[in-house]
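Shown next, in structure tokens, is the structure this report addresses.
Per-chain residue numbering starts at 1, and chain names A, B, C and D are given in the order in which the chains are listed.
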Amino acid sequence: MKYVIIGNSAAGLSACERIKTNDPSCEITIVSEETYSNYSRPLISYYLKDKVSKENMFYRDEAFYLKNNIELILANKAVDVDSVAKKVVLADGTVLSYDKLLIATGSIPFVPPVEGMKDQPNIFTFLSMKDSEQIKAYAKKDMKVVIVGGGLIGLKAAEGLNKICSDITVLELSDRLLATILDKKGSDIIGNQIASAGVKYLLGDTASKIQGKDKVESLVLKSGKIIPCDLLVMAVGVRPNVELAQKAGVTLNRGIITNEYLETSIKDIFAAGDCTVSLDVIDGNHKILALWPNAVFQGKIAGENMAGKPSLYNGNFPMNAIDFFGLQVMTCGVVNSDDDYEIKKVETEQFYKKFSIKDDTLAGYILIGVPERAGIYNSLVRDKTKLSTLQGDLLDPIGIMHFTQEERTKKIYGV
Amino acid sequence: MLKKEGEIRIPAGCAISGIMNRKGIRFSGVDIITSIALMHDRSNGLGGGFAAYGIYPSHKEFYAFHIFYDAKESKEKTEEFLNEHYDIDLAGKIPTRKMSIIKDAPIIWRYFAKPKESTLIESALPEDEYTARCVISINSNIKGAYVFSSGKNMGAFKAVGYPEDVGEFYRLDEYKAHLWTAHGRFPTNTPGWWGGAHPFTLLDWSIVHNGEISSYDANRRYVEMYGYQCSLQTDTEVITYLFDLLVRKHKINLELAARILTAPSWDEIDAMDPEKKELFTNLRRIYSGALINGPFSIILGSNKGVLALNDRLKLRALVAATDGDNLYLASEEAAIKVICRNPEKIWYVEGGKPVVMNLEVPDKC
Amino acid sequence: MKRVYAVEKLCLNCKLCEVYCKTAHSKSKNVIKAYKYETPVPESRIFVEGDNTASLAFSCRHCEHPACVEACITGAMVKDPETGIVTNVKERCIGCMTCLLVCPYGAIRPGHIAYKCDLCQGETTPACVANCPNHALVYIEGGSEK
Amino acid sequence: MLEYLMPEYKVIRDKDRCIECGACARQCSNEVHKIEEDGSLSADEVKCVNCQRCVCLCPTRAISIQKYENNFRENANWTDQSMKEIFKQAATGGILLSAMGNPQPYPIYWDKMLLNASQVTNPSIDPLREPMETRTILGRKPDSVEFDENGRITTEIPPGVTIDVPIMFSAMSFGSISLNAQKSLAMAAKELNTFYNTGEGGMHQDLFPYADHSIVQVASGRFGVHKEYLERGQIIEIKIGQGAKPGIGGHLPGEKVNSEVSKTRMIPEGSDAISPAPHHDIYSIEDLRQLIYSLKEATGYKKPVAVKIAAVHNSAAIASGIVRAGADIVVMDGYRGGSGATPTRIRDNVGIPIELALAAVDQRLRDEGIRNQISLVIAGSIRNSADIVKAIALGADAVYVASAALIAMGCHMCRTCNTGKCNWGIATQRDDLVKRLNPEIMSKRVVNLIHAWDHEIQEMLGGMGINSIDSLRGNRLMLRGIGLSEKELEILGIKHAGE
């Protein structure tokens, strides 16, 4: 069997492993438009602040490709798919035929139009290794940095740049940082944390105009405020990279729609990772779940199905583990619907815990400063465990003893 | 002052020897003296003795009491006692040879006697038990008197000295017996008391023994529960009593009695067939006090025959040989070969496995 | 593979497993030095939960398909294909705790990096098991209940 | 009221070694150790009973328990001990309670007897090379047997039980000790092929698998006694007395009677289990005979019945009566024998040393010609294998051990069993403490101990030139007294060393 995988990151590589396991004699070709081989996208902020060396960015070495007999094509973009002839056309004209195709093209930055934005050399996005390298090369200590977007990418960029530049301002249009994964209280804690690290942030504001000749020199904000800017990072958000999927003609709804085997609307074309639409098992909605673990998980399922071993994807749910300036933040599922959910929370100077509960099951949580055993909360969400069966309160430090004896025996011995 | 047997327990090493003819053909004491003399080095001159069976055919219905007296008064008291309990048919000195090497001889007297009918009936005891009690009574109550032989048609002859000299002293070349046993003694300390020499006898039991049993006090306290008095504190004495208890009183056959004294190990018993296992388990349980432990070789004589026995671990030498109707037993092989150059069969007696020869025509000679 | 299993009814809540785990993962391998003189203070990879009435020592299950390995964004968390031992390579780990977030057993301890049981890296008997005073931890093959 | 009693112990914590792991605090049921808010540890020494649990559990050996040095004015008559006891009684008005055996400095006769060994005239035996038998059969037996013409024994032989080592575990009831402790002994008994004793408290169902190695006890309270219970035991023991408290019955405080104990004893949960001082159906020897035969009748004459008495002044005559009353095994418990709870005055002042009682009883039964008919088992602080060899040489068939087995399981003789807070999980019914005693580990330790003793017994036997325990029994020539008076030697029936 010939497999072609578009995308050389979490979902793509995870699929490779499963394909290889289930179909050892297969041929796999991976196509990536990146110049680097696989690297861990979430690590680009760590690379920026020199916490991770370049070599450690690559989480699978060359041997991985050799061992798995994978042909890796880098710096070459898949530009078209002929799903009838089962062929993929690359930017350089190469044509690859496939028996099964996986689209794992991930996300691309979403850059909203801003007045005055051209190809200024000091405007950056922050999603790829290349972005990180370029920022690293450009940034100097005394530069004034403005980051548009107080979400995950923006704050990670701020954290990475904080090591280099002393004047950083984050602009967030909504009323709180990390708006999609935190409530106001959580956001305030993060705000304090980044502020104490010397990063400024403005809420309810954003760049409305870029000023400067050849490069950005200052920004006019929505509020009318004008702030100087030597380095602008556009980190408003990402969207699924569905360009190729569109060419192939698969059904889309923002992201690629798949069935539970992660096959797209076109036979033998599968999709996995950030470019897809996933079922959120908590609220039952289909949405983009741009999460590393979900990408790996989907890649695995897609890989198995492609190799002929039926495997079901039952959906996932949003979850994040992030550390900001040394503060550990864990969030999952529903975190900001206080009116529709029963809320249990506790906040102290050291930590913040919040649980959203519905129908005796946990729908989401925020843990700031208390990462311990977050995985158990996650399992409660995933397994829809009836909270009334737990021995002890959710707000107590959770552990294996919260489960009934039968449950914990299962957990200990059930591996 | 050195204490004699009965006042203290004296460990001793020894030589033993025995010859028997199964048909009851009698022969003189020359061979047994030759045999025991060969093992001269195994004794130290502090005790020697013999037992002879079938020597008194003319008085075979009478108890033959051989008695040592230290003094006349002892003899008088004893004879008074004997006259009270027995009808004495014949009494007299046991004939001896004058020998410079045998010193300090006591008065040695012999009586052929039958229990007085009236006193026997009054005692309500069997004749043998009656006699045993009389012997024990003399030995423990009459100072200076010691009955060293009390069987019928048999006799023990013993003295302080080397056994070959003792044999000559008692003129054993002039006696004829179908079973002879002999003993040469090597005590580690003793003033040399004639009564302490071997064989030890009770009724027609005689025993010669080489060894030192480590179970002595357990055995002693066991037999003493059944009316015995171990006044000599010797192994020979306690072993004799054990045989007497098992064979005479409990009616256990001699071979089985030997298997009680040198009981098979629990490992052996566990491996036996169920019936045998039950038997030996019960015997070991009931007769645990009769188990003899420690090194010994013994030759036990009686009117029924002879039994030779080694301890369970075979810690003492004992050789047996057969030739024709004769059985030869000795501590050393050479002591057999010196009187029977080419026996038909010769072997080392196994630990705990008795060698028995029964007289085929008991009480006939 | 052999794993560490807790026998709940025997756990005393003494937490000596934690002490010896820390020591086993210290530089000096000496209890007192590990606790008092080493920086950073070594972390225990086994945790006793509960109280004197009911307690339980818990550590990594070294899953067949470990969620932590799948979720690791750096490639630090690896499962040895031969021994089955799941280890966090400390040189690669950046302490993002995604592994912790996905571990349904709560067996990973947060810190500068993620700390977890490495079965004492192939020691015949892991330190926690060897030092449990009541044999409440056993190191045995398989997963079926004892 | 002003407290006159000062703590008995000091808890010394070496700060240089303490790593503040808190194991001591979590392990101390007496709540001596405490973890302070800053994580440091403190100690309330008044509560310390010196059980050594914290010392043993401390991973850095940072703790030691020392005597609290506080001396009253010296007085050979009014000792500190006697004054402290008065303070205690003046404060509480109660009788003094204590546990385990008599700790007073009375003579220990075991230590005044020496054993013999073979030299030259009689070879010693090497137990590593030669078989060495310690198997013993207990029970009644005839003096002699009769055979049929096929050589089969026709005499009826009463039931006997076989033990591979002359050591059994004496009665400790479920209630006084934990089920795990009992189970450890039961498992050890099974492994060693010997017996443990349920004590007066019935048999918990978890011990049914070890029924073949059980001695069941019938004591004055009759707790837990029913037909099935009797049938489960291999030996039935009537307990008349106990060395630690001759003349009084047992007392299990209600706090120790949890639901399992209550079920097993067949008494209400939380109620005190008080055994009467006498058996109210035994006011004389003929009554004992009736009970012995009732028990035999109830169990079809299939099991030996033992009668256990405390060693008191006229034990010899009593023992003789017991043999004649039909008991198959006579058990005597000396005044150093242990107990879970006993009035201090009785423990320390009533009864006689087991060594003397044993010597007297064995001789008396021999004088009466009945020693061989029964088995004689003794108890009351057998501390090591030499004690056992000496006991058997004096005339015992086997010994019971209890304290030694408990020590093997961790008991440090703090002698506060009566509080029910045993930190070693032995003398307690608190679940959190009981589970500290893992029967798998503890049975192994007990087995190790008995194996070690058995080896030592074999070594000593071999040294004496004996290869079967049968030849040691009553073999008093193997003993010599040291530093004993003529009278003591006479009672013990042994000679002085040098004789």
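Just so it is clear, a contact is a pair of C-beta atoms (placed from the backbone, for glycine too) under 8 Å apart; a residue touches a chain by one contact, two chains touch by 3 or more.
For clarity, every value in this text was computed on a predicted model and none was experimentally measured.
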item	value
Chains touching both chain A and chain B	none
Identity of the chain that, by mean CA position, is farthest from chain D	A
Centre-most chain, if every chain is reduced to its averaged C-alpha atoms	D
Result of counting contacting C-beta pairs for C-D and B-D, higher pair	B-D
Chain B and chain D, separation of their C-alpha mean positions in angstrom	47
Inter-centroid spacing, chain D versus chain A (mean Cα positions, whole Å)	70
Length of the line joining the C-alpha centres of chain C and chain D, rounded to whole Å	43
Rounded Å distance, chain B centre to chain C centre (Cα mean)	79
Residues of chain B whose C-beta touches two or more other chains	none
Where chain D touches two or more other chains, by residue	none
Residues of chain A touching at least two other chains	none
Pairs of chains, among all present, that meet the touch criterion	A-C, B-D, C-D
Contact footprint of chain D on chain B as seen in their complex	9, 11-13, 188, 211-219, 221-222, 224-226, 249-252, 256, 263, 265-267, 275, 278-279, 281-286, 288-289, 291-295, 312-313, 315
Residue ranges of chain D touching chain C (in the complex, touch as defined)	16-17, 19-23, 26-27, 57, 59-60, 431-432, 435-436, 438, 440-441
Chain C residues within the chain A interface of the complex	3, 5-6, 8, 47, 49-50, 54-56, 58, 61-64, 67, 70-75, 91-92, 94-98, 100-110, 143-146
Contacting residues of chain D [partner chain B, same complex]	118, 121-123, 125, 130-131, 133, 135, 137, 141-147, 151-153, 157, 160, 366, 369, 371-372, 464-468, 470-478
In the complex with chain C, residue positions of chain A that touch it	14, 40, 42-43, 46, 51-52, 56, 58-60, 292-293, 296-297, 300, 319-323, 328, 330, 332, 371-376, 378-379, 382, 398-401, 405, 408-409, 411-415
